[in-house]
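Listed below are the structures to be examined.
Two complexes follow with subunit A in common, the first pairing it with subunit B and the second with subunit C.
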Partner chain A sequence: MTGTLLFQSLVLGVLLGGLYALLAAGLTLYFGVMRVVMIAHSAFLILAAYLAWFFNQQTGMDPLLSLVVTVPLFFLVGVGMQRLLITRLRPATLTMMSVLLTFAVALFIEGMIGFVWSGTQRRIQLPYSSASVEFFGAHIAVVKLVAFALAALSLALLYLIMKHSRFGQALRATIQHSEAAQLVGIKTDRVAGFGFGLGLATAAIGGTALSLDATIYPSLHWHWIGPLMAIIVVGGLGSIPGAAIAAMVLGIGQSLLQVPLGTTWAQTIFYVALFVTLMLRPQGFFGGRLAQRF
Partner chain B sequence: MASRLSSRTARRRTAAVVAGLSSTALVLTACSGGESEGEGGGSDDPIVVGISLPLTGDFSEPGKGVQRGYEAWAQFVNEDGGLLGRDVELKILDDQSNADRVVQDYEALIAQDEVDLVFGPFSTRLVVPSARVADEYGMLFVEPAGAANEVFEQGFENLFYAAPAIADDHYNYLADHILDMPEGERPQTVAVASMDDPFAQGTAYGLRDKLADGGLEIVVDEVYPPNTTDFSSIAAKIDDSDADMVIGGTQYQDAVNLIVALQQLDYQPDLAAFSTAPTNPEFSAAIGSETEGILSPTGYTETASWPSNVDFVERYTELHGNPPGEDEANAYTTGQVVAAAVEAAGCAEQGECQQELISWLRTNEVETVVGPLTWDETGKPQGAHLIQQYVDGEIQIVLPQDAMEADFVYPKPAW
Partner chain C sequence: MSEPKSAASSQPEYLLELDDIQAGYGRAAMVLRGLTIKVPPSTVVCLVGPNGAGKSTVLKVASGLLTPRSGAIRVNGQDVTGQGPQQMLSSGLAHVLQGHSVFREMSVAENVLLGAYTLRDKALVAERVAFVQELFPIVGERWKQLAGLLSGGQQKQVEFARSLMVSPRVVLLDEPSMGLDPKTTATVFEQVVRMREAGVAVLLVEQNARRALETADIGCVLDLGRVHITGPAPELLADPQLSELYLGGRPAEPSPSAGA
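Moving on, here comes the complex of A and B:
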C-alpha cells in the first residue's frame, strides 16, 4: 500500500460520502417529519436516474438538464403520495405500516421501470465520462466531482430552507412537536406534505447525480436502501446534519477499509456501525433525540 | 352517511365479484389441468419444455437473452414441422435470480406441470441447485450457462453443458499466446479483480493460474460481491499496482463500471481482458469509443460458418432485427442438443425416455451453432473459447490463428 493509494481512497471516500449525504438527507427528512420509514426512497432515486438517462437518450442533451423537470415532478409526486397514501395510515401504527406501504411502492416502481425500459442495464455515455482532474497526485473523475458539487449544493440549499425560511421553521416545528405547531397556527398537514415532497426532490437530484457515473438497472435500488437506512440510524433518525455527517464518515470509512480488507468486508461497515449505534447510543451518534436539535 | 354506506356496499360488492372471479379461475385451471393429464402423451399434444430464467433481478440482462434464444429455437422448430411431428411449447417461469426460487420452479415444472423436457436456467449459481432437482427426477438437464468447474464436480449424471468449453478453459488460447511471447515483450505483472461468482471467477482464475504458472507476477487479486456498484476503490488499487495486464472476472455492469473507473484514474494497461460484458451489444453504447483493444473470450460468434449457425443467424436477424448474441446462441444450442437427442431416441416425455436421451448424448456428437459438441462423463464439453478483441471499433476474433478475423493488438492502445 502506498501513500498515493491511501490519498486516492480518501478522495474517493469524500466524493462517495457526499452522494450518500444527499441521499440520506431525504430519507431522514421523511422520518423526522412523519415517522415514515421510506423504503421506496432509493427506488425513486433509480427512477430519477432512468429519467435522466431517457432524457439524454431522447434529446442528446446533458442529463443534468433533466433536473428542471424531475425536481418539480418528484416534489409534486411526494406531496401527492403523502396526501393520498401516507395520511391514510393510522397514526398508531404509522411507522410500521409505512414500511409495508413504501415497500410496495418500491416494488411497483421497480416493476414499472422494467416494464417500460426493460431490464437492460443502461449507462449514460458522456464526452466527459472518463475525464479526470489531477489533485495532489490523486485523480478525481469529473463526473464524480459534478455529482459531489450537486450534492453539496442541494444540501446547502436544504439547510437554508430549513433554517431560514418560514416554511422551514414550520417544518422544524412540525418535526419537534406537531400538536404544539398546530396550536400556534401551523397547518401541519400541508407542511408534512411539502416536507415529503422536499425529501423526494432530493431523490431526483441524487438520482441524476448517480446516473452520471453508474450503470443502472431496475433492481439497483435494493443495493442502496440498506446503507442509507444504516446511515440515518447512525446519524440519529430525523436529523439532517446527523445524516450528512454519518454519511461522510461511513463513506470515507468504506473507501479506506477497501484498501486493507477488500470490497466484501468493507461493505459491512454500515451494518457494524448500525449495530454499534443500536447498542451504545440508540438515538444516534450525531443527532439529538429524533432531531429535536436540528 | 348514506353515501359512505353505499360506497361501502359497493366496495363489498366489488370484493365479492373479485372473489368470485378468482375462484372461477381456480376451477378453470383445475379443469384444464385434469384435461391435459387425461390426454398426456398423445401424439398430437405439444411437447412442453419447462424452463426457469432470471427475468428480473441481478441476472435479468443475460436471462432475457437466454429467453430470446429459447423462444427463437421453439419458433424455428415449429416452423419446420416440430419435434417428432409435435409442436414445441415453452413454459418459462421467472426465478428472480434467486437460487431458492429456481429450485421451487423446477419442482413445480416437473412434478405439477409434468413438462416433457426441461432446459437449464442462467448462471452457475442457479444451475447447480436446479440440476439437482432435475437429477432427483431423472430428467435430462442440458444447460446454457453453468460453465464453472464446480458444476461438473457435483456428480450429476444427467447434466450437459451446451457450449464449447467450461469457464476455466475460456482463456486458453490467450494464455498460450501470452506465454509464447518472448520474455522481454510479454506483460510481467497482472492485476485480477473478479466477482464472487463461480463462473466469473472460473474464467479469471483459469487465466490467472496459467499465467502465474508461466512466471508472470500477480500483483492485485481482488474479489467483490455481486452487488458491488462502486468500483473506484478497486480501480485505485489496480492503478496503484501499475500492473501490465488487467483481468476482470466480470458479468456486465461490474465490467462497465470497473473499466470506466480505471479510465477515470488514467490507468493504461498493455492488455485488458474481461469476461462476458464486452460481447454484449450494450457494451460499446456504455463505454463509447474507448473500447479499443479490450479482450474477451466468447463461445459464439455470429459469423461462424457452421451450417446450422448460418441458418440461425439469418432467421433470428429477420425476427429481431439484430443478430443473436452469445446468450441467445447458448440457449439455442441447448435446444439443438436436446432436439438431437429426442430425434435419435424417438421420445420426449418423463420416465424411461429421459435415460435414453442421456445415454445417447454420452456417446454422440451434436452439430450446433457453436460447432460440433461432445461431452465427457461429467457433462463437460471438450473445447476452448475463441478470443475476441475490439479492433477498429469492432469486436473481432483474434485467436486462435485459424479462426481469426483481425490481428491480435498488443500492447493495447490507450483508453
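Moving on, here comes the complex of A and C:
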C-alpha cells in the first residue's frame, strides 16, 4: 500500500465514520431513552434517501433541500411511533418485543418503497456528482465531503441539544431516573416521544447525506443495520459519545481494510469488533453507567 | 425556612388528605385497602408498619406516581385525585424517593436546578438556590461535581435540596435515613424539624421507626393496607404493646427530642 493510497483510505474512512457516527447516535438514543432496539432505523434512513431522490427527480433542485420537509416529518413520525406503538409494549418485555415490532416496521417500509418506486436501483445525478478535490494528494469526492459536513453539523447540534437545552436536560434526567424526573415535573412520556423523534430525525439527515453518493434500492437498509448495531454495542448501548467514537474508529478501519481485503471482507471488521467487545468488555467501551454521561 | 407562611386565614385544616384510598399495582392484589391519612400544617406524620404494609405505596399515591383505584386525595383542601406528579408538584407537594434518586451522571448543580424545572422565574430560582445551599452546605461545596460520585448521605442532601427548590408545602419522605451513618441521619431528622418549623407538612416513612416517632408529632401504624392506629407519636412510643409489635420490641423510654 503506497503512502498516498493509505492516506486516501484514511480520509475516506473519516468521512464514512462521520456518517456512521450520526446514524449510530440516533440508534443508541432509542436504546438509552427507552430500551428500544430499533431495527427500522436504517429502513427510515433508506426511506429518507428515497425521498431525497424523489424530491430531486420531481423538482430538479438539490436533494439537500428535501431536509426541510423530511427532518420535521421524521421527527413527527418518531413521536407518533413512540406514543402509538412503543408505549403499547409491556415494560417487562419491552426490549425483546421492540425488536419484533421494529423489524415489522422495517419490512413495511421496505415493502412500501418497492411498491411506490419499484425495486429498480436509483441514483441522484448532480452537477457536482463527479467533482472531487485534491487534499494532500488524496482525491476526495465533493459529495462525500458534503455528506460528512452534514453529519458532523448534525452531531454537533445533537450534542448541544442533549447537553445544554432544557429538553436535553429533561431527556437525560428521564434516562437516568424516570421516577425522579417525573417528581421534578418532567413529563417523561412526552420527553421520551421527543427523544424518539430526535432519533428518527438523525435518520432523515443521514439518509439525505447517503443519497448524494449511493445507489439506493429498497432492501439496502439490511446492509446498514448490522454495522450500526455492532457500532452501538462496541461503543456501549445508550452512549452517544461512545457510538460516535466507535463509529469513527470502525469506519476508518473498514476503509483501510478495503484496500487489501476488498469491500465485502472489509465489512467483517464490524463483526470482529463486536465479537471481541462481547468477549472482553460486554457492556461496551462506554457502556453501563458511563453511557449516561455527557 | 425563610419564606413567609401563607396567611393563617386561608390555611385549611389539613395540607394533605388521603381519604379511603384503594390502590395497587397492575393486576396484583390491592396494596392499600381503604386508607385514610390527614396531615395538618406544621406537622410531621410518621407511617410505621411491617414490610409490605404499603408505606411506600401511600407516598406514591400522594405524589401522583400511582393513581388510586378509588378514594380522594386533597392537597391544601383542593381535590387533586387522579392527577399526575407534575400537577401534584404545582399544588405544592414534593416527594423524596426511597434509596438513591439523584441523577447520577449529572452535576449537583444540574440536579438542584432540575428541581426548579417547572419554575420560569430566574430570580426566584437564584433565590431558592441560595436558600438550599445555605440549608445544605455540602450542596454548595460540591456544586460542580457529579452527583453519583458523592457519598450516600451527600446524595440524600442533594435530593432534599432538589425537592425544596419549589418551596413545597407538603414533603413526602420515603426512608430518608436508609443507608446513612448516624451522624448524617441526625442531620436528616434535623432538616425534618426545620421543615416543620417553616410550616411545611411532612409525611415520613421510616424503617427506623423509633427514631422517626421521636421526631414526629403523629404516628400512624399501617398494616395490610389500612391505618390501624393513629395517635400522638409520644403515646405510640410509650405503648408497650406497640413497641413489641412494630418498634422492634425494645422497651419504650421517653426521649428528650420527642415532640421537640
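Going forward, the second predicted complex is superposed on the first by the 289 of 294 C-alpha atoms of A that agree within 3 Å, B and C clash if a C-alpha of one lies under 4 Å from a C-alpha of the other, contacts with A are read in each partner's own complex, and residues count from 1 in each chain.
As a working rule, a residue touches a chain if its C-beta (ideal position, glycine included) is under 8 Å from a C-beta of that chain, and two chains touch if they have at least 3 such contacts.
This is a predicted model, so every value here is computed, not measured.
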{"item": "Superposed partners subunit B and subunit C on subunit A - clash or fit", "value": "fit"}
{"item": "Which of subunit B and subunit C A:S118 touches, first, second, both or neither", "value": "first"}
{"item": "Residue contacts on subunit A - larger count, subunit B or subunit C", "value": "B"}
{"item": "First, second, both or neither for A:M97, with subunit B first and subunit C second", "value": "neither"}
{"item": "Which of subunit B and subunit C A:L261 touches, first, second, both or neither", "value": "neither"}
{"item": "Contacts of A:S132 with subunit B and subunit C, given as first, second, both or neither", "value": "first"}
{"item": "Partner chain in contact with A:L85 - subunit B first, subunit C second, else both or neither", "value": "neither"}
{"item": "Shortest CA-CA distance between subunit B and subunit C [superposed frame, angstrom]", "value": "13"}
{"item": "Touching residues (chain side subunit B, partner subunit A) in the complex", "value": "55-58, 60-61, 63-64, 196, 222-225, 227-230, 232-234, 236-237, 239-240, 252-253, 256-257, 260-261, 263-266, 282, 285-288, 290, 415"}
{"item": "Subunit A partner contacts - residues on subunit C that touch it in the complex", "value": "63, 65, 84-86, 89-90, 94-95, 97, 101-106, 110, 114-115, 117-118, 146, 148, 159, 162-163, 166"}
{"item": "Parts of subunit A lying in touch with subunit B, wherever the complex brings them together", "value": "1-2, 4-5, 8-9, 12, 15-16, 114, 118-123, 125, 129-132, 139, 141, 143-144, 213-215, 217-220, 222-223, 255, 258-259, 262-264, 266-267"}
{"item": "Contact set on subunit A toward subunit C in their complex", "value": "166, 169-170, 172-173, 176-177, 179-187, 289, 292-294"}
